[in-house]
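Structure incoming, see below.
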Amino acid sequence: MKWGMVIDLQKCTGCGECVAACKLENNVAIVEPKESEMGRTMLWMDMLTVYEGEYPRLRVRQFPRPCMHCDHPPCTKVCPVRATYKNEEGIVTQIYPQCIGCRYCMAACPYTVKSFNWYKPEWAPGIRETANPDVSVRPVGVVEKCTFCVHRLQKAKEQAKSEGRNLRDGDFQTACAESCPAGAIVFGDLENTSHRVNPLSRSPRATRLLEDLGTEPKVIYLKEVD
Amino acid sequence: MEKAPAAPHPDYDLLRPIENPGKSFYYIVAVLLVIILYTGYVYIRQVYYGLGVTGMAQPVTWGFYIINFVFFIGISHAGTLISAILRLSKAEWRRPITRMAEVITAIVLAIGGLHPILDLGRPDRMTHLFYNGRLQSPLLWDIVSITAYFTASTVYLYIPMIPDIAILRDRGVKPRWLYEFLSWGWQGTEQQHKVLDRAMNILMVVVIPIAVSVHTIISYIFAMTVQPGWHSTIFGPYFVVGAIFSGIAAILVLMIVFRKIFHLERYLKLIHFNYLSVLLLVMSLLWFYFTFSEYLTGYYGHEPNEMRVFWYKFSGAFAPYFWTMVTCNFLLPLILLSNRKTRTIPGILIASISVIIGMWLERLIIVVPSLANPRLSYPTGIYIPSHTEWMLFLGGVSVFILGYMMFARFFPVISVWEIQEGRQESAKTVTERITSYMPDPEPPLAKG
Amino acid sequence: MKITRRNFLQMLGITGIAAGGISQVWAIPDQWVEKLEYGPRIETWKMSTCGQCPAGCGIRLRLIDGIPVRILGNPIAPVNSGFTCPMGEAGLELLYHPDRIRQPMRRKGKKGESSWEPISWEEALGPISQGLQGLLKKKQADRFGFFFGDRNTLLTHFAGDFVTRMGSANFFPWRAPGINELGFWQAFGEFPPFAFDLEKTDYLLTFGTNLLEGPPSPVYFNRLYGKLKESRPRTGLKMVHVDARMSQAGKNATEWLQVRPGSMGVLALGMAYVILRDKNFNEEFIARYSRDFRGGKEDFPNLVSRYYPPDKVSAITGVPPETLLRLAREFSSAKAPLALSGGMSDRSETALFTQWAVASLNALSGSFSAKGLWREPVPLPWSPSPVPSVNIRTGAFSLKPQLAPESDLPAHWASEELPHLRSAGKLPDLNMLMIAQVDPLYLPTDQKPWQEWLSRIPQVVQFATLIDDTSPYADLVLPTTTYLEQWDMTLPVPNLPFSQLGLQQPIVSPLNGARPIGDVLLQLATEMGVTLLPEKPKSYAGYIEARMKPIFASGKGTPYFEAVSLNFLGELRKRGWQVYSYPAFADFWRLLQEKGGWWDPDEYPEAEWKKRKKFTFPTVARFDALLKERALLSHGRETQKGDTPLHTLLEAPIRKTETPDSFLLAPFITLMNMTGEGASQPLLQEISGLLPRVYWKPWAEMHPERAKRLSLLDGDLIRVVSGKGSVTLRVKVVPTVSSEILAVPFGGGHKESGRYAKNIGTNPVALIDHLVDPLSGRTSWQSTRVRVEKVNK
């Protein structure tokens, strides 16, 4: 099993819903204005923009950027305490109670996907109640990042088990894939031919970010053709 | 005030600071303590609130703490490594220098070694390094090598100090118990001298590879990632050269300071400064050579991400720091030290201070620009160190000064016995040695 | 010990930990321990309809032990098919906002001061009903007015009813007009505008219309754009976005065309020139369903050929003539071209001129003859609702059965102009004004007159969830419920080719102290002795239920259902099948609550032109007449100058920049923050600048060339100065704006609106000169010239 994501940039409209859904699903802290001006905004899912050419031939490429969940993750290699590691299903996870906050993994990540809890994440009392009970709230001083909504995998597995079957395509969806109005984000098992991501990942448009680094990301982008 | 011991000593100048510290010593200590206490408060505040009190953010997730870590550890190469090399190569002029250099190492290493802890988001979980440590992580290598280096260098500092401590003990300097305890029953017998010599010889040989490894491994923290500007094979030797470079500059500064304060002109002569500054000049050239190769390869490779960092340093936001660094580390020392007229004490002082500043800037320039220029299309990061970070830097420097003062308060900063030994024996041994270099006299012709 | 929720939870925690300890020894099942620690964690789902914007997306709430923790899209809601936009997601932050008011608040100080004294509901409602009664007694019902943010729900009708039954005509609804609304209304003289089906076009030309980041329904159109973009390489669909700023609509189009702000109508008429020259126009439609195309000297071709030749158009718009030619030819030779105008192009002094020109472009090209492209909204099986209108001669507002195009304008176009109508003596002095669902003091470009007007009204009553920018000018603020705590029904979304009714129902019981607006109005009406509801239900929920009865009785449509092939269902329904069976209204009503709403799977039929009034082309004479007729809206601005034709005066505001530091201010809206509605919610505040990567605060977008000339770097602080004021902003240097404009988003600079909005960022409205489109009464946001200064930190 190798969980992966295909993002079709030909479909993506850059609306940012994946970003909002991710923040809410994973209880990602909202950083106050002063802090965020320093660059401490926490986005597990981010939206990047690349400008190509000049007007009138200007093209703007926007692409959602989750964690790439590399098959050869540069971040797990350098972690001194095994607080980030690749599990047997290919998901690069973070163990918050283990992290000592050295931020070495952040420095090592070529995609700059990790966020750090510079302060204790705080919510107003009421808003705190809306936190997703399935995802732990991180303490101060640890690194966090996209987990491919691994908490949903647990649930999906339990569900499948209780129904006495294997996981099907769509049983386990990340919050971003589930919420993308344009249907640009597809999530599934890259090795399973019955999952939609499998044929998509072999599309001639398929490309990976910074492929030459040999990190073998499991997030695959389908290039825009016009 | 205790009264000065009666017995005059030929090297009383070296013992005076211990036996007669003077008032200003206490003033300075008080000032430093205030700074250090405040730094302590600032650090506790950081532990309480989190690293948010620093100026670090995404993507520049490492800042002053890592810079100062590399910088301090670099300075620490002053000592042990240099003194070991000088001792090993039997450079006779080393005698008044070695102790000073070794003390730098011991103190700075302790300070520098703590910096990664300052940098931790969760210092309370430090023990995880022992329970769950992954030896594959360069950070763990660091812990191992720094610990080894610290142990070796303190032992290497202490062992040659034993005869001097014995002198102090014998002169009845207070606190007596300290000297009695530390002198380890030294009586100066021949057997003891032999053992001391052997111990020093072993340590000398051991300490050199450890010292080289320490800074190599520190460079590995950076070089083992794939980040532009960091992922470089010459980083190991480059860091080692830089470390020795900054170390020599630090020794020079300290020598000049002590010479001035303790009136050690008789011991620290121009010739010592001359030799060391030539060494500094050589290191400056070597440093330039490494820097040049590092950036030239980067430039010719012309990898876009590499180039983003490159231009950030050469003409972007970090250009002022970069060119100041080149001036401080290369141009200024080159001009001042290659010219006999400016290779004077003030000239050397200026060059050394500029090298220390330059080397600190070099650490800044290595750590920040690579982080500030992520590979993907993120905006360039900004890093403005906060009050906390400046305070902890200042605190680190204060701890160093205080540590050095305390050392100088209790122990001679110039090895008394080695000077004596030099006086008594080195002329003879050097003559012998030089004679041994000479071509052997013609063998007597066989008769016959 | 008093058991509060908190220490109850603590106790649970302690027991849980104890149980956890014991479990080690006694092997107590883990699930039991978990339950003790965290409660039973029972997951339930509830359907409702989003109320963040008027689009009426179906939402599905996830509740854990009765506490809503997440808003997701309702997968069977037709408009959003299970998706939401960031604003929809953030709704819970509105519900649980820490600064929500929990008691009616009476202002303590003078008008304009935000200091409050909490009072009870009785204390609050007493003076209101006394005031109303006093007015009724004195037969001065006209001195009661209601400024109402129209969220496209039944509540608008209910509030309108409330006002008229009191005997007043002063119901002032406020909302953004739909796409094409201004132009089609002018051309066809009818209301509401047509719906269109984007999937049927092969050439989409959007004149400033940003369907992806604003009304009518961003979720619907983002989904559709995703589909269109994907199929684009195969179908050859061309999408051209015309605007000074390349918004998301421009980024997702195949081409972006820069024009000077306000000049889009000129561009459209320039295209018409080329089309007429090429004789490549839709003869059939023009001959049969239009007027003023051939009418001698003063016809449309005359207007176009006399005033809009390519070189002149090029000079006004900044579009090169060859581009203009290419665009016109591509458009006129497409099979099903579609030109849309609306969104920000509504907000210029040429709003109606532009939209009329664009409508004419559609009439000229094959657009109106293309199959299935234009759809005629089918009215719901209700008696027609009265239309709020404003008489352009007298300035009088009223609810009418139908608009009379000669003398009326839709009221929501001009309701931002209330203080001016008042000072022109066209409105009576109000004794009581109610304000609900809108923050009129945040957006208007003429804050002073608004403040003065509200200060003069003795009793201003505001319904609000948070103290907002308007509150300091209200005498009384009544805490109201959010859309997650109340009943309501969202109406079909304008411009979408099908009809739906989204049911809003209380997901949680209302916040202690807050009451739904509908129920408060009902209570007031009862006290007044005014009947509001046909069957006298006791609550607003009853009103909703009663309104659904005719729908049930008509047998049309169905509650939302799981997605199956639409065509298949249509076929089934024609044969009398129902998706659900609901023999009695009670079943229907239960299904509505369960599924979240009602819709009609049959899409709207194609627009039939012969049933309509004839399409009126703009002409020189017509512009002259309109300008004279609507003189009230031009604020005494000169509309006549010698013998220059009047419409050219409309072009006067199309300004050029002159000095290197001078720019045209082009405010825009973002999907996360709209025009400041999202600002109270921290999530939206944080990610409203997601794309330019500026968080929490508005920014200013500048073209790289201009930035270079001003030696500004990305991220520098600039002071933007207009004749009216100045604000400080961070500059973003991006190639997605034309070099003449400085684009600034709305949403920042609230003076109130809760802790996440208060005093965060700056409000571009502070810069904008108060200018009004003399043809529609819409406030212009686009023709203010500003100067930029670098701020040294």
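A, B and C label the chains in the order they appear, each numbered from 1.
Assume a residue touches a chain if its C-beta (ideal position, glycine included) is under 8 Å from a C-beta of that chain, and two chains touch if they have at least 3 such contacts.
Source: prediction; values computed, not measured.
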By C-alpha centres, the chain nearest the middle of everything shown is A
The pair out of B-C and A-C sharing more C-beta contacts is A-C
Max Cα-centre separation from chain C goes to chain B
Between the Cα centroids of chain A and chain B the separation in whole angstrom comes to 44
Chain B to chain C, mean C-alpha position gap in Å, rounds to 67
Chain centres from averaged Cα atoms put chain A and chain C apart, in whole Å, by 33
Touching two or more other chains in chain A are residues 41, 49
For chain B, residue numbers touching 2 or more other chains are 378, 382
The positions of chain C in contact with two or more other chains are none
Per the touch rule above, chain C residues touching chain B in the complex are 693, 714-715
Within the complex, chain A is touched by chain B residues 49-52, 54-62, 116, 119-123, 125-126, 128-129, 132-134, 136-140, 221, 224-227, 371, 374-378, 381-382
As the complex stands, chain A meets chain B at residues 35, 38-41, 48-50, 65, 74, 77-83, 98-104, 106-108, 110-112, 114-120, 139-143, 209-210, 213, 215
Counting only contacts in the complex, chain A reaches chain C at residues 8, 10-17, 19-21, 23-25, 30-33, 36-37, 41, 43, 47, 49, 51, 54-56, 58, 60, 62, 124-127, 129-133, 178-184, 225-226
Per the touch rule above, chain C residues touching chain A in the complex are 38, 41, 64, 67-70, 72-73, 80, 83-86, 89-90, 92-93, 95-98, 100, 212-213, 218-219, 222-223, 225-227, 229-230, 232-233, 246, 248, 250-252, 254-258, 323, 671-672, 682-687, 690-691, 695-697, 734-736, 738, 755, 760
